[in-house]
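Below you'll find a set of structures to go through.
Paired with chain B in one complex and with chain C in the other, chain A is shared by the two complexes that follow.
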Partner chain A sequence: MSAPARRAALVYAGPALGGLALLPLLDFRANRIVGGDGVMAWAATGGSAYATALLAALALGTILSGSQVLRLALALAALALLGWMAGQGAEALMAETSEFARVSLGGGFWIAAAFLALAAADAAARIGLRAMVRIALLAGPVAALALALQTGFFDDLSILREYDANRDVFDAALAGHLRLVLGALVPALLIGLPLGWLCFACPRARAVILPVLNILQTTPSIAMFGLLMVPLGALARSYPGLRDWGVGGIGAAPAIVALALYALLPIAANTYAGLSGVPAAMREAGRGMGLSPARLLAQVELPLALPVILTGIRITVVQTIGLAAVAALIGGGGFGTLVFRGMGQAAMDLVLLGTLPIVALAIAASLAFDAMIEATARGEAA
Partner chain B sequence: MRRYFLAPLVLAALLVVLLLRPELMTPLLRLLAEPGQDLIYDRKPLMTLALWHLALVGAAGLVATVIGLALGILVTRPGGAEFMTLARMASNLGQTFPPIAVLAVAVPLLGFGFEPTFLALCVYGLLPVFETTVAGLRGVSAPVREAARGMGLSGVQRLWRVELPLAMPVILTGIRLSTVINIGTATIGSTVGAVGLGEVIVAGLQSGNTAFVAQGAALVALMAICAETALRGLGRLADSGALTRA
Partner chain C sequence: MKGAMIRVEALTRRFGDAVAVDAIGFEVARGEVLALVGTSGCGKSTTLRMINRLIEPDKGRVEIAGRDAREMAPDALRRGIGYVIQGVGLFPHWTVARNISTVPRLLGWDRSRIAARVDELLELFGFDPAEAGPKYPAALSGGQQQRIGVARAMAAEPEILLMDEPFGALDPVTRARLQDEFTAIRRRSGLTAIIVTHDMDEAFRLADRIAVMDAGRILQIDTPERLLRGPREGFVRQFVGLDDRALRILSLHRVRELARPAPDAPAPAQWVAPDDTLREAASRLIWEGGEALAVVEADRVTGEIRAEDIWRVGTRGAA
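Take a look at the complex of A and B:
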């Protein structure tokens, strides 16, 4: 491996080890509210000097190793070891104290985990794996994590204690979040795709549609949620029958409408960009073959524009998953409920219990769309 | 010059008038509020809130622009090319984190108030500036680069006098995007106690007072549109070459 590539590997391994050297692996608190004592990775109780040394060796290996496949393997091994240290450490710390004590993951753990994961992703990207293969590779660590959670290996960590205590809330938040995202995306697609086509087919419509959508996008999300409470609340007051359909000033309805409005711009703008990017020669060829405008759209233009349109949908999905967290402010449900409740109680682990699933959902969605975009772009090249 | 900045000036004047004389909004707000509710938020002067809002967004924007520009320049230099994958991945990953998550995670580390919001705004402002700096610098055509080299300009001179001026319109798009996003995100900062116009909206949501929500939303949206048109004007000015001719 060239010297610059080593330097890049250093960018991951350096902060990962530095984080563990300076910040605690775990935080130990006598109960849920009081401040914690940091437990370093090599501490006698809750840490392990041997495991820390092994972790350092694996991380240094990612800098020295000559092949990217080896770097990927070393980074994944280091991640697994880090997870083992956290679970083992929590169990050791909890064995000695009352059940009110809490062990949460410390700054060192998060920094090391983030940079090791980045190192693995970087190595995977440099090997040049296809998106589908990357997803298949990712299934390994995800399955290992699921197995560890299932067998109760991490049960002494306070984030899982919060989960145990809030299992109903968590399940409702997951269902609510998915309902918000899907509820917003389906109408946004049904409206946004034709709007994008209209922008392409009729320049005069474009001059109106895109600026209006731009202004919608600049409205702060929290304000949009609040503002939509007004008309929907008024609607529900005048037609009480609508309440049975879930329409009201407070709840999921204004949140879904707001999220759908935000989703319109990236969908419509990318549909327009994709359609106008179709080479004129292709269009001419299709017309020359005697295709009607509708069949030209369906058989030539849409397939060629598909990668760009899918990119727009990917941006939209990731954005909607994140924005849906704010819906909790107006009683819209979703993972934001856990985040805001955690902030109110100054309970960091509850905040994380709401935040991590949002990030996981967003990453999963963007990986899935990357694979789809790659597949459609390849189909085009074939 | 005037045609680029007329719209933002008019909008800014309107914003200042509404901030100093919020009672001008009462006829409209009366339509939204329940009878007996306060119409105008009066726990703090709206002007104070707006200035804090601007200070927060401005300070974070400045930091984000400096770091984003520096990183963008670094990864487009020959020696920094290896860091491109890292920067791309980090910026893709950054976009999957919702602003509220960054705020929520920053609170235990930095406490409530200005600091966590400032951090979140820096992180969020960084991505668009970085992306557009890379795109702008890469968009400088090879012949132009060669010509600059042929004139005997050093690496720093080429960057400063040729590449950056040519990339400026694109970079300004990133700064504009980053500022507009941050004016909105700063509103969410009020849920963790940052002083700003978001306070009015959050107070309205908590007490079920739609008049508060509407005036906060209108003022923030006006501020965002004002910043958007002003920076768009600056971008057009850069496009016309007026900034680089000097």
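Take a look at the complex of A and C:
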């Protein structure tokens, strides 16, 4: 293994082990609200000295291993072991106490999990896997996690207790979040793509459109919600019929409008950049052979611009998934509901229950787009 | 000229205040190749692009095979005229075969006819259809891409080819090979062509007639030999280059034109072929220091060519 790769491995494995050494693997609390006692990874109850030693060995292996494939395998094995330790530890702790007690994941767990995941991702990137293979590779750990959740292995962890207690809220939040993202994305695409084309076809329009979208992009999201409340509220008052469609000063409608406005710039700007990146010779040749402007756009310009346009949509989707959390502030629903409710109740596990699915959605969307971008860029580089 | 394939009359185009093309007129006969030469910005490309209406003229008219180009829909007009540009402009997301089939597809040819035509063209330009057809343009060399560009322009069997610096971006060896290849193909297919170039040598190699342009006007339009023997004063004289005009005239003639009979014999060490140019024969004579060279075909002497005959061709006043 090359020296930079080894240094990178050190950067991941070091903090992972350091986190576990200094911070607790689990937090044990007598009930949901009181402060907790940290349980270190090697503790007699809830921890395991053998498992900790094995985990350390696996993490050190990622530094010493000569091949990236082995590094990837070691990092994934360490992640699995970490998950097992958390589930097992929670069960052991809960076996001795009342049902009001809570066991949540501690700082050591999160740091170790994050850095081991980074180590795995780094190794996968250095192998140079195509996006489709990366997706297939990710399916393994995801399936393992799903299986563990299904069989109730993690049921003693407080985050799943929270899930159990808030199942309806969680499902509504998931549906609400997806509605926000798709609701913003569809109009943003319908408006942003033609705007991008207009920027390309007409420089005078570009001089207006791009600066306006830039201003929209830099408006803070809370301010944007506030700005939209007034006109949308007025609209709903003047035409009460619109309320049946969810239009109003608060709720999902202003959130979706705001998210769509934020989505416009990356879509329009990348559409413009992609179209202007098509070499002039190709346009000239196409027109010279008798392709009409519409055919030239559909058969030559758009396909050649597609990787850049998809990159813009990818940015938009990931951005919207994250930003949609804020919509809960104005009653827009989504995972933000869980986050803000958790903050209000000082229940960190509820916050996590809202945050983790957002991260998972963003990663999934980003991987899917990577695969699409790779597929559309074929031929040119061949 | 009756039955001109392309006829241009008083064609004018302004860009802002600048006159790019100033009331020019010329005709190209069926099967003839005309070269438009001049420095950058002389209006030669603009003239070419007005013929297939990529640029609309301000004044004047273009006739294609006797029909006014304005009466035809621009896209339909362009589908009937092959167009080759310097950057080649092959579509990188399409295979070579798909690129060549662009215009036939637009014209709605059926699949089998398109496939047959693509294979025929690939063979004509020295490719193996099964091997080259499925490749993407990025996998080809510059010379190969330029060949495919010409093949694509010829795909729908147009009678006219417009070429803008078609071989400009190639190295000299590849360029010369493609020029010879193109000359052979256009002779066989009877194509009418207009070639825009700033390279006088390319014009001499490819064209039957040459139009020298400057500042939007045609200063002189003539056969290569007449242009060399009688260039107008000023720009034409300067652009054509008179230092080596005798040698250039020799390069326009072939050995077979001057070959005298000679007794049959095996080929000697030094000889020329009937299709070599007089320039090549002259060079060999100077190098060898002789008075005559054997003309050899298929390893047998079929005639001889004499230095005095060659010199006479390159002399002022000869024709």
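In this text, the second predicted complex is superposed on the first by the 378 of 382 C-alpha atoms of A that agree within 3 Å, B and C clash if a C-alpha of one lies under 4 Å from a C-alpha of the other, contacts with A are read in each partner's own complex, and residues count from 1 in each chain.
The rule is short, and it goes like this: a residue touches a chain if its C-beta (ideal position, glycine included) is under 8 Å from a C-beta of that chain, and two chains touch if they have at least 3 such contacts.
In this text, all values refer to a predicted model and were calculated from it rather than measured experimentally.
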In the superposed arrangement, which partner chain does A:329 touch: chain B (first), chain C (second), both, or neither?
first
I want to verify the contact counts: of chain B and chain C, which reaches more residues of chain A?
B
Which superposed partner A:304 touches (first chain B, second chain C, both, neither):
second
Would you sort A:285 into first (chain B), second (chain C), both or neither based on which partner it touches?
second
Can A:318 be said to touch chain B (first), chain C (second), both, or neither?
first
Output check: A:294 vs chain B and chain C. Expected answer is one of first, second, both, neither. What do you get?
neither
If we count contacts the way the header does, which residues on chain C are in touch with chain A in the complex?
52, 54, 74-79, 83, 85-95, 102-103, 106, 136, 138-139, 149, 152-153, 162
Which residues of chain B touch chain A in their complex?
32, 79, 81-83, 85-86, 89-90, 92-93, 95-101, 104-105, 107-109, 180, 183-185, 187-188, 191-192, 198, 201-202, 204-205, 210, 213-214, 216-217, 220-221, 224-225, 228
For a test of understanding, state which residues of chain A touch chain B in their complex under the given definition.
4-5, 7-8, 11-12, 107, 118, 121-122, 125-126, 215, 218-224, 226-227, 229-230, 233, 249, 318, 321-323, 325-326, 329-330, 336, 339-340, 342-343, 346, 348, 351-352, 354-355, 358-359, 362-363, 366
Per the touch rule, the chain A residues reaching chain C in their complex are 279-292, 295, 300, 303-304, 379-382
